[in-house]
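Structures follow.
Next, two complexes with chain A in common: one pairs it with chain B, the other with chain C.
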Partner chain A sequence: MSLRVGTLLAAPVTAFLLALCVAPLLILFAYSFFRVDFVAISYDPSFANYAKIAGSATYRGLILKAFGSGALVVAITAVIGYPVAWFLAKRAGAMKSALLTLLLVPLYSGDLVRVFAWRVLLGAEGVINRSLIWAGVTDAPIQGLLFSPLATHIALTYNYLPFMVIGLWLAFESLDDAWLEAAADLGARSPSRFARVTLPLTFPGLVAGGLMVFVMVVGDYLTPQLLGGASGITVISAINDLFGTAFDWPLGSAIAWTMLAILMAFFAMGAMLIRRSSLVGGS
Partner chain B sequence: MDRRLFLKSALAGTALGAFGPAGRALAATDLLWMTWENLAKDDYLAPFLDSHDVDLTKTFIGTDDEQFAKLRAGGASSVDLITPGLDKVSYYTASDLLQPIDFDKVPNAKLLYDTFKKTDLGKTDGQTYGIPFYWGINPIVYRADLMDEEPDWSVFFEGDKYNGKLAMRDYALEGIMIAAMYLGIPRDEMFTMDDKQLAEVKKVLMIQKSKLRTYWNSIGDLTNLFATGEVVCAFSWVPPYYDLKEKGLEMGMAKPKQGVIGWCDTIAVPKGVEGARRDSVFELVNYLLGPTYGKMLAYGGPYAQSTSAARDEIDPEQQEKIFIKDLSVMDNFVWKQNPPRYNDWVALWNEVKAS
Partner chain C sequence: MTEAGSGPTGGQGQTMPLLRARALCKTYGTVQAVRGVNFRLDENSYVTLLGPSGCGKTSILRMIGGFEEVSEGMLELDGKKINDVSASARPINTVFQSYALFPHLSVLENVGFGLRYKGLSRKEEREKARAALETVQMSAMADRRPRQLSGGQQQRVALARAIANEPRLLLLDEPLSALDRRMRKDMQIELKDLQRRLKMTFLHVTHDQEEAFALSDWIIVMRDGIIEQQGAPDTIYRRPETAYVADFIGGAACVPGKITDTAIGAYEIETPLGQFATPGVRGLKAGSPAVLCLRPEQLFLDPQGRISARVTHAVYRGAEWLVEAEAAGITLALTVGHDDVPEIGAEIRIGFDPAQVWIARTEAERRADRATEAKP
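What follows is the complex of A and B.
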C-alpha cells in the first residue's frame, strides 16, 4: 500500500523530469545526427558531426582542456578542502555552524560580482600589483596575474571550494573517532592511520565533492571568458557559438552530447568507487 | 490561450502600460515589436501611440541570433515587427519568415540615404524584406593619453609596443573582416574568400591573438577595461568613446583608411501579419523612419536613422556625433554581410582562439 502511495506521489515529479530534462536531451541527441544547410536543418541522419569532432584538433583540444581544468581544480580544492573539512567536523566545536555559514558566504554573491572582485585584486592597477610595486618586489605590474589561465584557475578554485568542503565535511562527520583510536592502540602511526583509516573512510566524500566540483568547472564558461584573456575560450563557449552565430545546431548538439557522455562515464566511475569504498560496505 | 495571448502575458513586464490613457487597453489593434531596448523608449513612441489606435507591446532582444532563434523556433506567428541586422535578413528570408515591405504604405522610405537605397542587402529577388532602420560604425577606440598616435588596423597585427594592451571583440564575422581589410583583400572578395585567403587570414589572426589582452563580449566590460587601463586600444563600438570622455578620460576614435565596419539594423514584418494589423505595422514602420522618431533617436541614442527625414532638425555638433554631417564617411564603410561559408569562418575563429 505504502509503495503504491509512494509511486503515485513520485509520478508528477517523474513526469516533470521526463518532460523538461530528459526529453530536451533526447531531442538534442537526435539533432546531433542531422546537418545544417545555411539555415535549414537537413533531417538526414549520419555520424558526420561526431566524425568532425574526432577529426578536429580544435574541438578535441577544447574538450581535453575542459576536463584538464576540471581535474586540476578538483585536485587543488581537495588538497585545500581536506584539512578545512577535518577542522570543521572535528575541531570547530561550537563555532561549527558559524564557520560553515562563513564558508558559503561567497556563494551568496553573483558570479559576475566575484569575477569583478578578482579583477580588482589581480589587475595591472589592482591591489596585488600595487602592493608588490609598493614593496619593491617588482617595478612594473605583473600582467600575467589577470587575463591568464592562472587567474581563471584561482577564481575557479575559489568559486567551487565550498562544494568540495561540504562533501568532505559530511564524510568526516560520519567518521567515528573510535576507528582511529583502535588503530593507534594497535600501533599504527599517524601517517599509517591517515592512509589506512581516515582516507578510505572519507573517500566517498572526496569522490562526491570532486564530482560536483568537476562538473561545475567543466560547465563554467563565464569565469574563463572574463578572466582568461585571449586564451579564455572553452568548449562551452564554442558550443554557444555554434548554436548562436553559426546556426549549426547539429554540430553544437554533437559536441554537447560528447561532453555529456564523457561526464556520465566519470559519474559511473565515481559511483563505482563509492560503492567499493569501505564506508559503504566494501571489504 | 493562444500563443499571442500567452506571449503577451509573459511579457507583461515590458508591456507598454505607461502609454496614454487606460482606454488604450481596449484599442483595436494590438502589436508586438521584437527589438533592442534602446530603440523602443516610451518617449520615442509616445507621439505615434497618441495619434494611432494601437496597443504596442515590446519584447527585447539581447542578440540578433537570439531574435532569429526565437522566430525560427515558431515565434513568427506571435510577432508583428522585428529588428534584424541588415546582414542577417537573408537568414529570415531563407527560412521564409518575412513578407516584403509594402512601400506604398511607407512614404518615408523615399528619404532613405542612397547607400541604403542601392544596397542588395535585405533584398531577395528584387523585393525588400528588411528596410534599413538605423545605422552606425564600429571604429577603433583608444586611450589618447596612453597612445602616441592615431592607430589603424595594423596596430592589431604589427609591432610590439602595445602588446598585451589591445582588445578585440569576440565575434568571428567582424574579427575576420578586420584581418581581411588589414591584408588588403578586395571588398568584393571579402565575404567569399577562398581557402587560400582564409589561410592568410588565420595566419595574421594568430599573430593578433598573441598581442591581445583579451577578447571582449560586452561593451560595458570593454568600457571598464579602458577605464582601468587594462586595455589602451580596441576594436569597439562607439559608446565607450563618449562615456569615458564624459568622465574626463582622453579618448580617441579612429576610422581606419583601410575601411570602417558599418552596421545597420532593419525593420521587417513577419509573414503572418495581415489585415488591420498589417496596416498598423506599416504605419509604425513609417513613423520609425520619420522625422519625429529620427530626431529623438539622434539625441537620445545617439544613433542615426537610415533616412534624411530628421537631418535638418539636428544641430551640426550632433550630426557630427552620429556621422551624418559629412555623408561621404559612408564611402569608406564596409557593410557587414553574411558570408556563404560562415560556418567555416566560425570554425576558423575558434581555431585561432583555441591555439
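What follows is the complex of A and C.
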C-alpha cells in the first residue's frame, strides 16, 4: 500500500525528468546516427559520424585536451584542497563556518564577473604586469599571462577549487583523530601515517570532489573562450559551432555523446572506487 | 607524595623499574590536570590507575603513550628519559577506549599494521599477526572488517593489535567501559590471564574499583590530579590512608573523631559514636583529627553492640540487604542477611570488631600534608 502511494508521489518527478532531461539526450543520441545532406538532415542511420570523430585528429585532439585539462585541474585542486580541507576540519575551530562561507563566496558571483576579474589581474596592462614593471622585475609586460592555457587553467582552478575542498572537508570531518594516534602508537611516522591512514580514509572525498571538478572543467566553455585566446577552442565550443553556424547537428550530437560516454565511464570508475573503500559499503 | 609508601613491602621491587614518573605534570591552558605525580611500574606487573573522571588518569596514560607532551617532570623508560621521544618510537602500545581500529583494513591487516616497521618479511608479518589473533581467539575473524564485529570482538582485535608489536608496556584506556557487565567480567579474567602469559607490563586506566581489584597487582588511586594512595589491592582496601580512599574504594562511612591516645598497634579515637581502640594509618598524633572508617560488611546487628541507631533505608541487593541507619547524626550502612532485615524506623544496635576497622586521615589533614610536601 505505502509502496503504491510512494510510486504515485514519485511519478510526476519521474515523468518530468524523463521528458525534460532524458528525452532530449535520447533525441540527440538518435541524431548522432544521421547525416546532413547539404541543408537537410537525411534520416539514414549509420556510424559515419563516430567514424569521422575517430578518424579526425582535430576532434580527437580536442576531446583529449578537454579531459587533459580536467585531469590537470583535478590534480592541482587536490594538492591545494588537501591542506585547506584538513585545516577547516581539524584546526579551524570556531572559525570553521566563517571560513567555509568565505570559501563559497566566489561562487555567488557570476562566471563572467570572475573571468573579467582575472583579465584585470593578468592582462598586459593588468595588476600583475604593472606591479612587476613598477618593481623593476621586467621592462615590458609579460604577454603569456593572459590569453594563454596558463590563464585558462589558473581561472579554472580558482573556479572549481571550492568543490574539491568541500568533498575533502567532509571526508576529513569523519576522519577520527584516534586512528592517527593508533597509527603513531603502532610505530608509523608522519609520512607513513598519511599514506596508510589519512589518504585511504579521505580517498572517497578525493574521488567525489575530483569527479565534480573534472566534469565541470570538461564542460566549461566560457573560461577558455574568454581567457584562452587562440588556445580557447575547446571541444564544447566545437559542438556549439556544429549546432550553430555549421548546421551539422548529427556530428555535434555524436561528439556530445562521445563525451558523455567517457564521462559516464569515469563516474562508474569513481563509484566503484568509493564502494571499495569500506566507508560506504559493508556495515 | 613521597615514595616511602610504595616500598618493597607494598609489592613493588627494588630492581630497576620499567617505567618511572617523576613529579609528572600536565597543564592544559590554566587547568592543571596532573599535579606532580610519582610512581613506578615494574616488569611483569598489572597496574591500575583508578579514579573518577577528570582526576588526570587518562592524561597520565596519554603522556606515557606519547600523545600528549609532558608539561613538567620526567618519564623514564628503562632508566632513560623519554619525554621527547615520539609516540611512534616508544616501545609502548595502547588499547584505545574507542578501539580505534582502522575501518579500511581487515582484522588481520589491523593487527599486522605495526609489524610493517619491524623489518620483517610480509610472510613473517602475517604469521605474527595470525599468532596475535590466535592469542585472543579471533583467528576465525581474520578477513572481516572491524565494522562487521561486535563490541567485544573489536575489543579483542584492538588488544591483539597492541600486543602483536610485543611492546615493553601495554596501556589500556578504560578498555572495558563499552562492554556490558557480563562481557566485562569475562574480559577481566582474560586480561589478567593474558598479562600473566605474556609477562608484559599492563597499565590499565579505569574508574571502576571492582575492575581494579580484579586485575591489579598494584593500584594507584588518583584524585584531582594527584595520587591519593598507591599500593597492593589489599593494602588499598584494608588500610586506606584517607577518608576519600576509604569511601571511594569500599563505600566506608567515615566517622570524624579525634585521636586521644597512640599506642603500639592501635590508636584510641573519640567519636560521636563512642571511644574505640583500633589500628590506623601511621603518623597520627594524639589530639589530631582523624576518621574511623566503617565498611558495610564490617558492621553487623548485635543486641550487645555499642552503637545505637535508627533504620532509615533498606535496599535489596540480591545476595543480602543493605541497611542504612542513623546514629548520632551519622549515616552508617551495613549488610544484613535476608531473615534479619529490620523495619524502617526501628531502633537497632550495631557492633563491629575494633581490630578489623581502620582509622584514616581526614581530607583537611591530607591537604595540609600535601602543602608541606610541595615545598622543597
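Following the convention adopted for this analysis, the second predicted complex is superposed on the first by the 274 of 283 C-alpha atoms of A that agree within 3 Å, B and C clash if a C-alpha of one lies under 4 Å from a C-alpha of the other, contacts with A are read in each partner's own complex, and residues count from 1 in each chain.
In this section, contacts are C-beta pairs under 8 Å (C-beta built on N, C-alpha and C of every residue); 3 or more make two chains touch, one makes a residue touch a chain.
Please read these numbers as outputs of a predicted model, since none were measured by experiment.
Visitor: In the superposition on chain A, see if there is space for chain B and chain C together, and answer fit or clash.
Guide: Fit - chain B and chain C, as placed by superposing on chain A, sit side by side.
Visitor: So in the superposed three-chain picture, is A:Q225 touching just chain B, just chain C, both, or none of them (first/second/both/neither)?
Guide: After superposing on A, A:Q225 lies in contact with chain B but is clear of chain C.
Visitor: Touching A:P250, do we find chain B (first), chain C (second), both, or neither?
Guide: Once the two structures are laid over each other on A, A:P250 reaches no partner at all.
Visitor: Given the superposition on chain A, which partner contacts more residues in chain A: chain B or chain C?
Guide: Counting contacted residues of chain A, the larger count belongs to B.
Visitor: Figure out whether A:G70 sits in contact with chain B (first) or chain C (second), or with both, or with neither.
Guide: neither
Visitor: Look at A:L242 in the shared chain and tell me whether it touches chain B only, chain C only, both, or neither; answer first, second, both or neither.
Guide: It touches chain B, and chain C stays clear.
Visitor: Where does A:G61 make contact in the superposed view: on chain B (first), on chain C (second), on both, or on neither?
Guide: Touch status of A:G61: first partner only.
Visitor: What is the C-alpha-centre angle with chain A at the apex and chain B, chain C at the ends, nearest 10 degrees?
Guide: The three centres form an angle at chain A of 160 degrees.
Visitor: Counting only touches as set out at the top, which of chain B and chain C does A:P200 meet: first, second, both, neither?
Guide: In the superposed model, A:P200 contacts chain C only, not chain B.
Visitor: With both complexes superposed on chain A, which partner does A:A182 reach: first (chain B), second (chain C), both or neither?
Guide: Second partner only, chain C.
Visitor: How far apart, in Å, are the nearest Cα atoms of chain B and chain C after the overlay?
Guide: 45
Visitor: Using the superposition on A, tell me which residues of chain A are in contact with chain B and, in the other complex, with chain C.
Guide: Looking at chain A, the two contact sets are disjoint.
Visitor: Can you list the residues on chain C that touch chain A in the complex?
Guide: Interface residues on chain C, with respect to chain A: 65-67, 86-89, 92-94, 96, 98, 100-104, 113-114, 116-118, 145, 147-148, 161-162, 165.
Visitor: Write out the stretch or stretches of chain A touching chain B in their complex.
Guide: Touching chain B from chain A are residues 36, 38-40, 56, 58, 61-62, 65, 116, 119, 123-125, 143, 146-147, 225-226, 228-233, 238, 241-248.
Visitor: Per the contact definition, I'd like the list of chain B residues that touch chain A in the complex.
Guide: It comes out as residues 63, 65-66, 68-69, 72, 91, 94-95, 164, 170-173, 209-210, 212-215, 217, 221, 224, 228-230, 340, 342-343, 346-347, 349-351, 353-354.
Visitor: Tell me, which parts of chain A touch chain C in their complex?
Guide: 176, 178-179, 181-189, 192, 196-197, 200-201, 277-279, 282-283
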